[in-house]
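Pasting the structures here.
Two complexes come next, and they have one chain in common, subunit A, joined by subunit B in the first and subunit C in the second.
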Partner chain A sequence: MNKIMNKIGNSNILFSLMAILAGLLVGGVIMAITGQNPVEGILGLLKGGYLTSYAIASTLTRATPIIFAGLSAALAWGSGYSSMGAQGQMIIGAITAAIVAPRLGFLPPFLAVIITLIFSMTAGALYSLISAHISAKYDAYLLIVTLMFNYLADYLASYLTNYVFLDPVALDKLAIQTIKIEGSILPRIFPRYTTHYGFLIALIAVAATAFIINKTSFGYKARMGGLNAGFAEYGGIDSRKTMYKVLLLSGALAGLGGACEVLGTKFRYVDKMITSPGYSWSGITASLMSNYNIIGVLFSSIFLSGIAIGGSTIELSMNIPSEITQIIQGVITMLVTAKFVIRWHRKENGRKEAETK
Partner chain B sequence: MILEMKNIVKTYGKVVANDNVSIDLNEGEILAIVGENGAGKSTIMKILYGLEKPDSGEIFVKGKKVSFNSPLDAMKLNIGMVQQHFMLFGPMSVTENIVYNNEVSRRGFFDWKGNREKVRELSGKYGLNVDPDALINDCSVGTQQRVEILKTLYQNADIIIFDEPSAVLTPGEVDELLSTMKNLAKAGKSLILITHKLNEVMEVADRVTVMRSGKVIGTVNKKDTSTDELSYMMIGRHTSQLNIPDMKTGKRLLEVEHLSMGSALGKKVLNDVSLHVDAGEIVGIAGVSGNGQSEMIRCITGLEKQYEGKVLVCDQDVSNQGVSIIRKAGMSHIPEDRYLWGSAREASLSDNFLMGEEDSDAFSSHGILKQKTIDRHADRLIDEYAIKTDGCRQKMKELSGGNAQKVITAREIERDCPLTIACEPTRGIDIGAMEFVHERLVNKRDNGGGVLLVSSELSEILKLSDRIYVMYEGHLNYEFRHGEVDDRKLGRLMLGGKADE
Partner chain C sequence: MIFEWSYISAIISSTLRMCSPILLCSLAAAICSKAGVFNIAMEGCMMVSAFFAIVVNYYSGGSVLLAILAGILSSMLISAVLAVLIIRLKASPVVAGMAINTMSGGLTTYLMYVFFHTKGLFQNPTLNGLSKLTPFFASAFPELAQMFYGLTTVDYLSWIIAILVQIFLYRTVIGYRIRAIGINPEAARSLGTPVEKYQFWTMTLSGIFCGLAGVLLSMGSVTLFIQNITSGKGYIAMTANNLGKSHPLGVAVASLFFGACQSLGSFLQQAGLKGQITGSIPYAATVLASVVSSIRYRRQKEKKIREAISEN
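Up next, the complex of A and B:
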């Protein structure tokens, strides 16, 4: 039994699959307790999330920002830098896109979109660099700094939307949102489905990040730093330089994700549009599930997105409360995070050991 | 006869780890089981301790046939094991660790007084000094090992297995351990010592069983044998005499001047250390570990930048500089701890071989890694150093300790640079591979390179070094040329003795 547990602990795919299974099991039990048919419920969930063309399209749409957040987190965490900043960087990327895009109407849409994306990436990257710098200069926990910067970004975006860029002609006077972007948007891939070109950009981002991490000498330095900081230092890798580069890239990815969400689904910045669907948390969970494997992030993001989409489907069709879906997600997140906390603890211990030696 | 293992066979997949192994142990004796890494000594002990089940064969304890499903069964039969990697709770006290699982309790509460008394009694009886209230984390490695031994005694072990017990100890602690083992045997305990250090075997064992490639080659009485015979039995050939030709030394490769460093407590860890290594020589540092060797190496290699004094590598002043600058100046470094500094366990062998060269033109161009070249380089080193692995894509953590050490040693010796700092380059690797590493170090010297060698194995220092410094309490007290000093004198000086005693 011990051996089996060890094996599961070591194999990440197996571990994640077990976590998923446990989540579904708990969800099923609760459905049974509340008088629903668990088999129908779970099957409905899976069908509503993955098995119809409409489901797939919705799942991929929702997965797009999660993939970016997941990439951003996997890159940082996999290199040994505990950044929680994806959310703030996404918000900065999103609000930047909402401000820049409407002002580029004079350009051909394609060019306007490209320029907007570049602005958002840069904004996300710079925003990430600020927290990196504070962490490095004042020896503060990056985790805490980035977490605080998430709030800062959220309120900054709220302020800008409320007082500077508020849409004056919104039909609903209570809606806090910027003006609608006309023309320079990321169009749908197939007109009937919501999936937009942002998803293709996400695929390109996955490939590019995987290439950088696995095939370049910068990626090598980042990876080794993540696996054993002592080894990287011993080998002459400049950890501060690597940290800045990694977090810059990580912020750029998150910023790009925010921009795609604005240009592909909402066509404007709506207050709390990034925070309330929990994109960045799903992204961090996705990166943990895949053990920071870049390609793995793609699949776990799509999976997590499908659970959410499937959940809202069964809520509508079978009247199963969406809380059950949240419990399923919660169990998965909890199991995956527990593993991650243990690993973080071990790493901290290892670092302390290295320091005292 | 207290223990008999008859015709034990154990296979892992295609590998036969134990091929018809028979071992017997008399009451009150010390039996040494020697063999190279992978000879099957650990496997047979795991079977005896209930950690593995044999495919076939029989075990008799005190004349009764037994079989084990877990270490608990072994403990019930009074078999204990002192593991190489201690199984202790770091933040708990010595007492709690010893009585764990069998504590004295009073009305359901942990009875501190009673437990402490038991530990005192046990430690007094066998002369194993420990402070019952000390926390394990505050104890030295030697003390932790004593706690492990007390743990087995507390569980009433009559047969105690010691798995490579001296691997983690300083020379002084080794002496203490060996005398403890003799005392235990005198008190009627039967001990099995697994090791590949033959001098320890010659000191404590009554009989020696030699294993090679899963088979027992023979069992001999200690008094009828010699280290030469044992090592011949172990590796199946005579150890080659290393030919170290005289060399004219060339230009200065490493110059350390007046290196000093304080610790957090204000004590000087390094006190005015000066040394040099020239082209064409191997310079050894002899000393009991903990006398400043680690700190000195960290300063020289750039892992520590806060110190006074000067360090020059190939005439370039690299004082207080970081690792990459020093490496570029012409230095490679085998670190003393293979997992803390020397490797990334989760990374592939290729990745581990690449460290320090990821930006060199040979392995990358325009920032993109040349994976094929990197893998070919890895394969070549795996081949040359006979590293046991499935290939260069295997993860470092899947290698045995000795093979992992070979990866690090190979990477640093074969790096194209004049100076190598070698700390414990052969720690945990078998005799055959050790000879090869020694050859490569001498070869580096013969080709006009220089080596600074730090090793806890005095024999290694004496055999290879053209010059030897003695390090004691953060200072280099003495300097000798090859042949000017023997191990006994060195041993005395390492402990702070005077040269003319």
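Up next, the complex of A and C:
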């Protein structure tokens, strides 16, 4: 038994798969307790998320912002900074895109999109830098500061949408949204499916982040800080400078994610469009599931997105509330973070074995 | 209008009402950090408690006592699960706590649909709120009593709990041991204190406080459950705990400050300020308060150093 446990402890992928299975199991149990058919529910969830071409397209569309949030989280958390700020930075990126893009109509669409994306990245990065600075200079928990900044970003975007940039010609007078962006958008890759070029940008971002983390001296410093902050400091790495750089980059990624969501799916900023689907938390879960491995973030983001898409399918077809997917995701997160358990048990066992010898 | 007594007393009473959930949660955070456990799941515990209080309230035909018990028990259970994850299984407290927080959002919305077939808000005339206490001096000093208008039994209880926590931490053997664990767990263990056991029960106790806070949210000034009813109060309470340096008295002062910010927000909204601006006041105040307290702390330290130098 111990041998099996040891092997599992060594393999991240297998462990994540086990966590996923356990998460689905708990989801099934909750469905059963609340009077639904768990087998049909879970199968419906998987089918709605992965098994038709339409489902795959929707899953990839929804995965796009999650990948960006996941990259942002993997970068920050993997370097030892527990920033929850991806949500706020995405909101800032999204509202920036919604404000900038309609005003670039005179440019060719390709150029307009690039300029919008640069604006959003800068905005997200600056927003992240402000929270990083407050946290570093005034010894406040980064976690709390970024959480508070998420609320502030939400209110700020809501204010701007409501009172400054509200769509004056909206058919639905109750909808709180900015004007529709014409022309300078991220088009669909295949006309029949919702997946847009933002997904390709996400793939490029994955490659770029993986390169930065694994192949540059900055990435090395960042990872060192995550593994052992004291050792990194002793080795002559300026921790505050690294922190600023890491959080700047993670904010830029999140801002880019927000912009892609505006330019690729909604074509405008709609109040609460980033907050209510919980992209940011899904991204953090994705980064944990892959143990901050950048390439792994891609796959775990797509998985989590599929679960969410499947969840909305079974809500429509079987009347099971889609929030079941939040519960499944929470269980997966808890099990993944408790994986240290098995490693820890292994260490204890190893020590005991050594003692008996 | 602002200087009328009725207006001032209304602000004071609303401050006290807004303060008590934050006070209870920051006391929960305080005992946990005294015991050396980083607990950020107050938000989730509070939400689960607020929900189950309403569920039991509804199905028992309006029994307030059963509702309070259900709230406390559910929150205790969640805290105990988190305690096992953090203390026994060595999970990252930040990740496990945040998982609890987001999961309770999903769980309560899911169960709300299962129980009440609605997703946004649940309200029902059969639900009974917490009983409101009229101060005993109300007939003699009606002006003074206005300041305590609308306060429920649990609001008063929160202040009693603050005093009890103070006595518990600084005047009892168990409290002394808890603080010793927080300062140096290895030293405490070498003296024979069962560190894990103490931490587990401290976290479970913190669950009771969060449970009471949740009951206050869903059955205090209004009796209803609404999606995301906690709206970040658990995180604000963490800041209150930081500002108060985990000392019950300091925590109480900090909670009063955040209560005042929230009540200021709602009064400014009535005065016609935009909801987005007034809504962001508590969160902006949280960041500002951390900054100001850090500057003050640094100045005090510098002053001490300067004094030490000049003495030599």
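Definition applied: the second predicted complex is superposed on the first by the 305 of 357 C-alpha atoms of A that agree within 3 Å, B and C clash if a C-alpha of one lies under 4 Å from a C-alpha of the other, contacts with A are read in each partner's own complex, and residues count from 1 in each chain.
Convention: contacts are C-beta pairs under 8 Å (C-beta built on N, C-alpha and C of every residue); 3 or more make two chains touch, one makes a residue touch a chain.
All values reported here derive from a predicted model rather than from experimental measurement.
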With both complexes superposed on chain A, which partner does A:231 reach: first (subunit B), second (subunit C), both or neither?
first
Kindly classify A:218 by the partners it touches after superposition: subunit B alone (first), subunit C alone (second), both, or neither?
first
Subunit A contact check, subunit B vs subunit C, more residues touched by chain C
Any idea which subunit A residues touch subunit B in the complex?
215-218, 220-221, 223-224, 227-228, 230-231, 233-238, 350, 353-354, 357
Of all residues in subunit A, those that touch subunit C in their complex
30, 34-35, 82, 84, 134, 138-141, 143-145, 147-149, 151-152, 155-156, 158-159, 162-163, 278, 281, 284-285, 288, 321, 323-327, 329-331, 333-334, 337-338, 340-341, 344
Touching residues (chain side subunit B, partner subunit A) in the complex
294, 301-303, 322-324, 326-327, 333, 335, 337, 339-347, 351, 354-356, 358-359, 363-364, 367-369, 371
Would you tell me which residues of subunit C are touching subunit A in their complex?
40, 85, 89-92, 94-96, 98-100, 102-103, 105-107, 109-111, 113-114, 119, 232, 235, 238-239, 242, 274, 276-277, 279-280, 283-284, 286-287, 290-291, 294-295
